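Listed below are the structures to be examined.
Note that chain A is present in both complexes that follow, paired respectively with chain B and with chain C.
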Partner chain A sequence: MATSCRFAASLRRASLNARAPTRPRRFQPAAVHVRWTGSTSATSEPHQPDDKETVKGAPAPAKAITFTSDTYPDIQREPGFSKLTQEHVEHFRELLGTESAVVDGVSKDASEDIEPFNSDWMRKYRGHAKLVLKPQSTEEVSQILKFCNDNKLAVVPQGGNTGLVGGSVPVFDEIVINLQKMDKIRSFDEVSGILVADAGVILEVADNFLAEKNHIFPLDLGAKGSCQIGGNVATNAGGLRLLRYGSLHGNVLGIEAVLPDGTILDDLSTLRKNNTGYDLKQLFIGGEGTIGIITGISILTPQRSPAINVAYFGLASYEKTQQAFREAKGQLSEILSAFELMDGNSQHIVNKVTGKKMPLEGDHPFYCLIETSGSNTDHDSEKLQAFLEHVMENDIVEDGVLAQDQTQIQELWSFREGISECLGHWGGVYKYDLSLPIAQMYDLVNDVRDRLTKAKLIGDDDSYPALDVIGYGHMGDANLHLNIPVRRYDKKVEKELEPYVYEWVQSRKGSISAEHGLGIAKKAYIGYSKSDSMIKLMKQIKGLYDPNGIMNPYKYM
Partner chain B sequence: MSGLRILVPVKRVIDYAVKPRVNRTQTAVETSSVKHSMNPFDELSIEEAVRLRERKIPVESITAISAGPPKAQDILRTAMAMGADKGIHVAVDEQDALEPLGVAKLLAKVVQGEKSNLVILGKQSIDDDAGQTGQMLAGLLGWAQATQASKVSVEGDSVTVVREVDGGVETLRAALPMVVTTDLRLNEPRYASLPNIMKAKKKPLEKKKLADYGLELGARLKTVRVTEPPPRKGGVKVDDVDGMIGKLKELGAL
Partner chain C sequence: MATSCRFAASLRRASLNARAPTRPRRFQPAAVHVRWTGSTSATSEPHQPDDKETVKGAPAPAKAITFTSDTYPDIQREPGFSKLTQEHVEHFRELLGTESAVVDGVSKDASEDIEPFNSDWMRKYRGHAKLVLKPQSTEEVSQILKFCNDNKLAVVPQGGNTGLVGGSVPVFDEIVINLQKMDKIRSFDEVSGILVADAGVILEVADNFLAEKNHIFPLDLGAKGSCQIGGNVATNAGGLRLLRYGSLHGNVLGIEAVLPDGTILDDLSTLRKNNTGYDLKQLFIGGEGTIGIITGISILTPQRSPAINVAYFGLASYEKTQQAFREAKGQLSEILSAFELMDGNSQHIVNKVTGKKMPLEGDHPFYCLIETSGSNTDHDSEKLQAFLEHVMENDIVEDGVLAQDQTQIQELWSFREGISECLGHWGGVYKYDLSLPIAQMYDLVNDVRDRLTKAKLIGDDDSYPALDVIGYGHMGDANLHLNIPVRRYDKKVEKELEPYVYEWVQSRKGSISAEHGLGIAKKAYIGYSKSDSMIKLMKQIKGLYDPNGIMNPYKYM
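Up next is the complex of A and B:
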């Protein structure tokens, strides 16, 4: 009975996932009032409110998503690329063998099957691909790329298709090479904590595997149920654990990748120290599939912390959140594993879309979520208690709660992690992912809100395209997510936002893309964060590895 | 009637989001370095007691009690942070954990000492799933009982309890004193807020032993063996519909 009772208990509140011992974050449609679906499906499907106003519902008809080639009429199909023919498809079919490895829209109409590979998670970008290939081995990837390179067929490497800058879907008729069938864990060394795995392993699967071995994947993000570790490396994803475990540039020890000419670059090192020449794997970390396809990675994974605590605060001003962050660093130091910022609007939206009760009574302009992870519960609790008392007594925070059990931990996290998904509820989101000096981070949100208000683009009814301007993000990493949820994508809104936002960021010496990358969304704006000479060097590297330019064209720079 | 004197027993159990593991000797579930928290049904009991008070029903006192190892005091502090006025910790070693009848006998004594007139218990604790304590307590005290409450209302000394039964709901009414056990849909427990966590630290927590209640409670039951359910057999992935039909035929399902 223990199991069924536990299950029933889980039904009472939001949900839980018994497989992962710490903070598994799934939003299952468990109770009636939990309105959005598991991240697994929702992140890979375009979603639109259905008539019951729930986020789940049937995926929006793909037709509703505008073709990228229409949104960006300036981008022309590269005339040097060949057009796919029946013979090409036959070649791939022979090469890959199994029927399911080739989604063929060349010899027949397969638009419905191909659509999920053609359009992105935000419903913002849509390509015209007619062919999807799903190789099962590095060797197959090598043969595919060689053939494509020889025949000047352009390709798009694709992982979980959760990328937020349009990098993972084609613009024209590029072949989608999806890594989902390369999903094996190759090895794990329990002493060193080094994991070697195929690029197509889903992040959550990798993390659950590691949980069994008391280790943790040093990266965590809201799309964990869908995104692949190869995609994470290709985008150099930052996520929720960066504050504690650092970036993939440090944690990835080795990479196996295939270059466009079919060369298998075997740099799958499992050494922590290896000073023997240029560190080429770094080019693939954040390379967004522009110079090769990552097929395997080796990564250093830390020991999983048995003691996790989560607290959630309401604060009166942005100044107070900075004060709280400083105190948290000072008093919690080595056990602080996340410090997340959410503005009041973002929390109201989660509350509105999911129907979940707000963790705190009363309204606060800002909210913060703090997580500690350590090896000793008593030690951590003592520190945390002292910290909490300090911030309460000194009026740094107005109110707060401390999760008393695992379910509350997940519920509190869902108010941070659910934001992304809930913002899409009304149709679309303009997303900016920026690095800024912490002190000025939130000024941008206010400035943009003023700007859109003045332009009469924000409002409560359908005549206004935008609903609100929202700021949240990884405060611990000085990373702001500026989001504008909209009822429809609208050029007028875009005009107000760009290049305004980028200029704003440039003038503060920030980065126009802290973690989501360049893709197609930021390609034109790279100059705001990189100098001409840097861009020139990057182009030289691209030319060296991909002389025919077949890898993920029209993007990056 | 002067007011409600509510007693709420709470138990420290393995957190219900944690997958329990059987120990090597197959005598029990592994409890060391596993996250523990309050039995979820007991959270409902505390919440309900606090809500009765918030509904302006005259509640004189809410006392939380837990019998268990020293760590049970953490759970009592949580109960007090949620709104209980005081806690009673009865020290019981983990290896001497009480059986439902033992708990019921202890609670009967505490009820006398505290002059409680309403006991709100969880319908079961998720570690043993015995689901007996409330009923036994009502028996020992000779009080009315309403189990698995999904709604509780109090008017004067009359208590009305709605309970979900197969295919519908049943409404019971009885006069105080009374025993009520809680079910999932009774309420949604609150978070422990920081100010209340701090206040809870200053609330009284009495430390007792079984002997203080003149009790000596031996075990009547012996756990013979604890085993995990058989592992789920791994599934297979098929490539396409034909593959699936083939597989189903192979398994004799078609």
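Up next is the complex of A and C:
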């Protein structure tokens, strides 16, 4: 058995940092090489570009970003909101003291300084804000919000501004409250592993801090070099470590937040167990800044695993990937840290765009990437090897390869993480971030492909707008990224996709936004994942905490 | 080194069921052998007695349970609530159809039939209910609640009635809505491990069902043979698996609940990721039935671990137990499933009351019990052995023993799980379930001991009311069970303990109820763990969902 020998090679130790360089990877909107689509409802998955250009071909020219108010002409400025005056600005300047805490476009032209706060990194959303405030303390946030609430001034809370649904940029003239100056780690308990930190701490900074203490932040994202932990919590970010460490609803132990009326919700518990009343902080996890601003979090961080192993394999059908996932859960159990699905087309595109050699010879309809992380390399290797031999011998997997060192780990991951970037190569991509029952998950990709084929919108030459329909994602979390790369945007494609995709998801009780949230992009579609009575109950909560509606208006629902 | 040899013996395989017999352990209130205290504020930890009597000595005579309304004379029946009439009962009888669904003490005397629903298993709380309803469907629950709300009839949701703070029994004449007839497992997805079930399914039944599918319910309790999963979720039960699998806030994926006005909150998602709006279900997790009745849950269940190992060791100081815990987290990491703390006195008491030989020779001020569970016995044994050698060689641990088979696993666990029962041997126990920063956790035990000693209330002969002050608990969760076994109840002891203990906990930002909840027992003390502004916000939520206050009144806050 020649193929199984590929798995028999011994493994070397690889640190967890293999695919997460400790140097912060900050990115600038202007340097983005992915051609983000102008589609109003499509969103992307959270892979965000690296410093180094990995996609072949010239970057798209930086053209002006369309104002969100133009993209969504139906959204009108709420007439009840006040307009900013020079007196308001003076008040904030006195309140915040330092010059750098107020970016003032009211009393003077500051468009250039404000632009990075007005638009998002995907260049899809752009607001008309004239004032940015950067408070340095929870007390300052409280005073800002109280004043805004009393004066009916709308606000947008903003963290690293790395969101994918336009939730962190203004639509009209909302005041941007940016948390970047609240960047202190408040405490870390080495016995319990509980970290308390300001909301504005950058995820990678927090993770590097924890790495020194042999712990790990239970969340990892492509945007880790820029996103802030407060924003992560406000958007209930999912990311790469969810399969292993679970969601933020379980890991976040406490939240400090400021309500619109200035009340400081002091629920910054550092206890794993605390059954004393309604767990109100949960409303702020995934609340997307619509009922308050998170200013601090307390989070349980796990022990960092010294041993990382990665395997990549080819399978004959989607049925086989499900079998492989079940076997991986059964045999790898406590060390399984990622189980990623990629269809054949997605891998051919990465191969074609990057010119990288495919990890496996031969063609397979599906590919999976498995990562294990544990405390003992030898044990983990043994478990992984036994698993791989089992799935090979039982014809679950057709072929596979096991990373031998850090370089190979990164190389294998690049065939998963590079998909999103490569898909933009031909002009645009319609992107959907969905959650579905695992058994039916890939049916959607086939159904959409059939639909576009029947409509004669998909094909190999330039006469067809769409190139292909691609499915990949976090199989372990039943999270599918459905992507349709296109040569050009075409209303006919959009008409075939929507509401079809949403109706399909609704009929399987799936989620139209698995991990990206609602923001402005999905606001209109929440009804496909939540019933009218649920939406009514949510609106009650919004009304309870934010009766004037000043918090992140025009979004969420 | 003779001692370290004790760790060198080879391990045999032991199944997870070792200490959780699959035969349901149901218990009857009258068969309880622990002498529960009549103290109004002390609660017990969740160990509940086994079928077989393990405590030497005669059981306490079954005397009548005091009415809660007599124990708490300050609590008055809410005059706004209607009194039950025969017409009401007729309505419910028609609604629910079957005879067995209505226990009617309104139109006839049914005291005996109603008594088990009116009082709790600890024989501490007793209500005056005259009507018990046992709906069979969510629709029936909805119709019951709507009627009660329209007619201002107060209700108490009741699951297995195994709570420890009096939350599941009525105080006055509230209607008991018991979920026992809603006991269906609705679905299980073998690929994702997601279970959907009625709220009335007994925890052990759910766990046994999952065992057949090679999965495990991510929660384990002494009361598993009687408690219901809906009640577990409503009280946010913690239990023995929290260290490994995390809290219900992370594991519960969806909830179906009925609001007081009859609205069915249909949030029974079977998705691991779903970022579409406020996570309202979280309010019902730990809401203790005060804003609605949970009728169904969807929960993520992990793969069952085939290998269980248990070690028990003695340590010289509390400082050493913290070191041992850090080392265990570092070296055992992903396989660590329990780290329990027992002080020397607690172990002597188990030894004295049960007559069982101490697991270790010699005397140690502290003891710890470590459990690992994983997918490979050999790997786990190797890790555990390496860990034990390390802590022995570095003088962190003084002596230790490793279970060699299932019997020994049970034997070692009995020295942790038997504490609660043995403490009641002398008459009564003041019990506190607290969460504190790990570093300071045991200081409280010393401080309380000093305090009672100074007050001359603790001593070896019968002239002193208190025997000792004992500390033990889930070290991995920073959950301390502070217990004061007494020969007799004495107001002087109570005066030394309260509010001292609560103030001590408050000053360390701890929790006065780590896992037991508030119910009626802790209602008055919530202010020690939550600020006024938090309590105000909680009351807003209560007012929003239950404006008539009919849901589980007189409790929670």
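The rule is simple: the second predicted complex is superposed on the first by the 437 of 557 C-alpha atoms of A that agree within 3 Å, B and C clash if a C-alpha of one lies under 4 Å from a C-alpha of the other, contacts with A are read in each partner's own complex, and residues count from 1 in each chain.
The definition used in the following text is that a residue touches a chain if its C-beta (ideal position, glycine included) is under 8 Å from a C-beta of that chain, and two chains touch if they have at least 3 such contacts.
Treat the numbers as computed from the prediction; the structure is a model and nothing was measured.
Engineer: Is A:108 in contact with chain B, with chain C, with both, or with neither (first, second, both, neither)?
Structural biologist: Touch partners of A:108: none, neither chain B nor chain C.
Engineer: Determine, under the contact definition given at the top, whether A:491 touches first (chain B), second (chain C), both, or neither.
Structural biologist: In the superposition, A:491 contacts neither chain B nor chain C.
Engineer: On the A-aligned overlay, A:99 touches which partner chain: chain B = first, chain C = second, or both, or neither?
Structural biologist: First partner only, chain B.
Engineer: Who does A:518 touch here: chain B (first), chain C (second), both, or neither?
Structural biologist: Second partner only.
Engineer: Taking the superposition as given, does A:399 touch the first partner, chain B, the second, chain C, both, or neither?
Structural biologist: So A:399 only meets chain B here.
Engineer: In the superposed model, which partner reaches more residues of chain A, chain B or chain C?
Structural biologist: C
Engineer: Applying the document's definition of touch, where does A:322 land relative to chain B and chain C: first, second, both, or neither?
Structural biologist: After superposition on chain A, A:322 lies in contact with chain C alone.
Engineer: Where does A:359 make contact in the superposed view: on chain B (first), on chain C (second), on both, or on neither?
Structural biologist: first
Engineer: Given the touch rule stated above, what does A:408 touch, chain B (first), chain C (second), both, or neither?
Structural biologist: So A:408 only meets chain B here.
Engineer: Share the list of chain A residues that count as touching for chain B in one structure and for chain C in the other.
Structural biologist: Overlap of chain B and chain C footprints on chain A: empty.
Engineer: Give every residue of chain B touching chain A within the complex, in rising order.
Structural biologist: Answer in residue numbers: 15-20, 33, 35, 37-38, 40-41, 78, 124, 126-127, 129, 184-185, 188, 191-195, 197-198, 229, 239-240.
Engineer: Spell out the residues on chain A that touch chain B in their complex, using ranges where they run on.
Structural biologist: 1-3, 5-6, 8-13, 16, 18-19, 21, 98-100, 306, 308, 311-313, 357, 359-360, 385, 388-389, 392, 397, 399-408, 410
Engineer: Of all residues in chain C, which touch chain A in the complex?
Structural biologist: Spelled out, the residues of chain C in touch with chain A are 189-193, 214, 235-236, 238, 242, 246-247, 249-251, 263-267, 269-280, 282-283, 285-287, 291, 302-303, 305, 322, 325-326, 329-335, 374-376, 379, 382-383, 435-439, 477-479, 509-518, 522, 526, 529-531, 533-535, 537-538, 540-542, 544, 556-557.
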